[in-house]
Amino acid sequence: MANWDKILTDADRAVMARGKWAQRAGVGKRPALILIDCQYYMCGIRGAPDNAEKYPLACGEVAFAATDQMKRLLDAARAAGIPVIYTRFVVDPVNDDVGMFHRKIGAGVGRGGNLYFGGTHGAEIVDDLRPLPTEIVLDKKKKSAFFGTPLISLLIDRQVDTCIIVGGSTSNCVRATVVDSEQYNFFTVIPEEAVYDRLPLSHQLNLFDMNRSYGDVMPVNEVLAYLHNLNGRAATD
Amino acid sequence: MANWDKILTDADRAVMARGKWAQRAGVGKRPALILIDCQYYMCGIRGAPDNAEKYPLACGEVAFAATDQMKRLLDAARAAGIPVIYTRFVVDPVNDDVGMFHRKIGAGVGRGGNLYFGGTHGAEIVDDLRPLPTEIVLDKKKKSAFFGTPLISLLIDRQVDTCIIVGGSTSNCVRATVVDSEQYNFFTVIPEEAVYDRLPLSHQLNLFDMNRSYGDVMPVNEVLAYLHNLNGRAATD
Amino acid sequence: MANWDKILTDADRAVMARGKWAQRAGVGKRPALILIDCQYYMCGIRGAPDNAEKYPLACGEVAFAATDQMKRLLDAARAAGIPVIYTRFVVDPVNDDVGMFHRKIGAGVGRGGNLYFGGTHGAEIVDDLRPLPTEIVLDKKKKSAFFGTPLISLLIDRQVDTCIIVGGSTSNCVRATVVDSEQYNFFTVIPEEAVYDRLPLSHQLNLFDMNRSYGDVMPVNEVLAYLHNLNGRAATD
Amino acid sequence: MANWDKILTDADRAVMARGKWAQRAGVGKRPALILIDCQYYMCGIRGAPDNAEKYPLACGEVAFAATDQMKRLLDAARAAGIPVIYTRFVVDPVNDDVGMFHRKIGAGVGRGGNLYFGGTHGAEIVDDLRPLPTEIVLDKKKKSAFFGTPLISLLIDRQVDTCIIVGGSTSNCVRATVVDSEQYNFFTVIPEEAVYDRLPLSHQLNLFDMNRSYGDVMPVNEVLAYLHNLNGRAATD
């Protein structure tokens, strides 16, 4: 579990205690697993020596490690029969349909590199987490999985009360999705080892911020136990 | 201007350069000033010795300093004649209308202290930034000023293309509003000295994250110059 | 029950049969009652001879009749212990915060008459349906109860799966709310005698359209039976 | 232009006059053309004798006539250089991603017929209105073009202030899109001969309702003149 003690001062700890921040919000009875942007442009290719050159946004080793943890959660989610929903960040290679973000990262139509343009390898979901035909993949243009997608309607249709959110990056799309999940009033779970970021401090601080105000950061093993117990309950319902 | 060099490693800097993150996105021609949750529960009372006890969520000195900067921006916005919109976080003192957040901070109906319940002093906007009768105040239940409020419709009605976002806290409501502003494709400006947070590291890292992916963190003086020039342009239009 | 046969031609009926439109979608287990804009500006005052002059948007007799039916549903909802949520259309008397609608009805700040401006009698919920302190009232600026309000978050927090939508007018705010309810994938129920409209044909056609594509138009008595049964189930759960 | 006099009673006309409904809201300076669901499942195939059998939701002749008018508007929009955005209603052929609507029309995964399932002919945009590679096509799961799509962000990015909405059906997707367009505070134009419906009375009444409360129903020729003038203005700007 994240050791935020290392990054908090005594004054910070007093602030946290005074406001009673970072309580456990808990979990509900009907979770969904939401996998955020598990695409090659985000990870690179496992074992390839030149990810940094070929995939300028790739997170590399931290992404591969998180992918292994996501696989454990994906297997458990499938065993429990809960909804599994993927997102992809996929941008039109011809029209600018992403707006401001391209201004922030100096990217855009016509820029080279393996990014997230539709039809390229970078936009594909990594083989390790390949969706089943019965699992929905939502393409999005922005950070939050809820923004400009049918996600909220799908969750209500499946009567989901808890969003388990994994993938990357912690400080961009995961956090934006976690914030919206809380705003919609879903119980929100962030399995710590199953999210990742390009920047270690952004990773750590965003876990801290999310656990403080939005959702429960938990070890993957605790989430697996939750899913396993669901499965048992489902069997006897 | 934030000196992020202090918190970035060489490896971080390489990541940032490779992805071309944190470019300037720029500004548009029709800004609005959006003041986030400038309420007593967020600040405490200037000069009072017991803010920490009476207002368990108050940010104190950093909030008062940011308020002074917000006042400069507010005066300039009024002079330029641009839309000025306030938000308040106001919670029903009887019904639970805030959902998950109260689970995260161990708060809720009936808890004492000067929080953000409707009708209490904590919920009021601070006198230093008192809205004019011609300025709209939106009550919200969640972090983002866009979530569950008419803000997006107001901005479209006023043909706004740029959101200047000030107030607090940097790592909660300011960031959530900035992320949505980018998601809607507004040019997004965060005047650095006019936002504040309870926790210094969360403040700094969230400024860094926002400047990396969502909007332009600028010194207040640069934003004042932008507003002043608008004013001139408006005069000769 | 609405006799749409009177307004459908044989060709219309063939179209409906071919597309299998207007099936019963059914109801869920956790309904909420949503009362749309039950305000004096919408109804006028029961028994007053001059509603048409004093309240230029008042629906009068059809509104009073629907209010009586709403009261039956409200009593049943309270007995069943389900969430009850009211909306009000309340417009800022100083600032234009309603946008396009005022262009369509030639209204606006400064126009006389008992409309829906904050602080006026027209904006108040009618006494016959007065909310309890434990019932939430949402102010809105647009037709749909979901648009620019925290409604979706409240429904998810209460784990609602079914929206029972009453009030007025059928062809404006009720329909817009029903469409959004379907879009979010809630089971959607429109108790026929508990919605009303200024214009008889708009009333009838909108009931027909809603029943065709969005939700189930039912007699009030059927909805009462549903709520009564819920109550029984809740008792033995 | 629609002759609503035929469907309004004297009492209706008094109601309309008293409330000052159905004023012209006007148009802005930066329109976009939005083509709703111009797909084979909605139209059928021009000249085919068996559209009613093969395409159970096809509108046939009224759709072909409206398509001709849409083509005129599309040509004018392209000449004026304004944004052109298409929507398609496209449903996953394996997973149920459409929710409530399938309950209302007794459809769903596995039902035969040429409907709107991804990869089928029914889901394709008709050849007469084929999008250019530089024109964005948004897939949606619900009636409103704004619901669960990136449309609002695209319109803000292009600084659009006016939505010209064409396609079908008048009483489903066109109306839901028009209502949202007004709710977001865009000027909203419905070119009368360029929208169509399966049911003549629903068509007429929804045009009336939209013109009363949401947008301006105009003859196509008037919209063409507006686009032509824009073009002229753009040339001399």
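Letters A, B, C and D mark the chains as written, and numbering starts fresh at 1 in each.
The rule we apply is simple: a contact is a pair of C-beta atoms (placed from the backbone, for glycine too) under 8 Å apart; a residue touches a chain by one contact, two chains touch by 3 or more.
Small disclaimer: the values here were computed from a predicted structure and weren't measured.
Engineer: By the contact definition above, name the pair with the higher C-beta contact count: A-B or B-D.
Structural biologist: Comparing A-B with B-D, the pair joined by more C-beta contacts is A-B.
Engineer: Overlay subunit A and subunit D by their C-alpha atoms and let me know the rotation angle in degrees, rounded to the nearest 5.
Structural biologist: It is a rotation of 180 degrees, to the nearest 5.
Engineer: So what's the Cα centroid distance for subunit B and subunit D, whole Å?
Structural biologist: 38
Engineer: Centroid of subunit A to centroid of subunit B, CA atoms only: how many Å?
Structural biologist: The answer is 26 Å.
Engineer: For subunit B, which residues are shared contacts with two or more other chains?
Structural biologist: If we look for residues of subunit B contacting two or more partner chains, we find 99-100, 142, 147-148, 152-154, 156-157, 183, 185-186.
Engineer: Line, ring, star, complete or other: which one describes how these chains touch?
Structural biologist: complete
Engineer: Okay, in this complex, where on subunit B does subunit A touch?
Structural biologist: 7-9, 12, 15-16, 18-26, 52, 56-57, 99-101, 103-107, 142-144, 147-148, 171-172, 176, 179-180, 182-183, 185-188, 198-202, 205-206, 208-209, 212-215
Engineer: Along subunit B, where are the residues that touch subunit C in the complex?
Structural biologist: Touching subunit C from subunit B are residues 92, 94-97, 99-100, 133-136, 140-142, 147-154, 156-157.
Engineer: For the complex, give me every residue of subunit D touching subunit B.
Structural biologist: Against subunit B, subunit D makes touches at 152-154, 156-157, 159, 161, 183-186.
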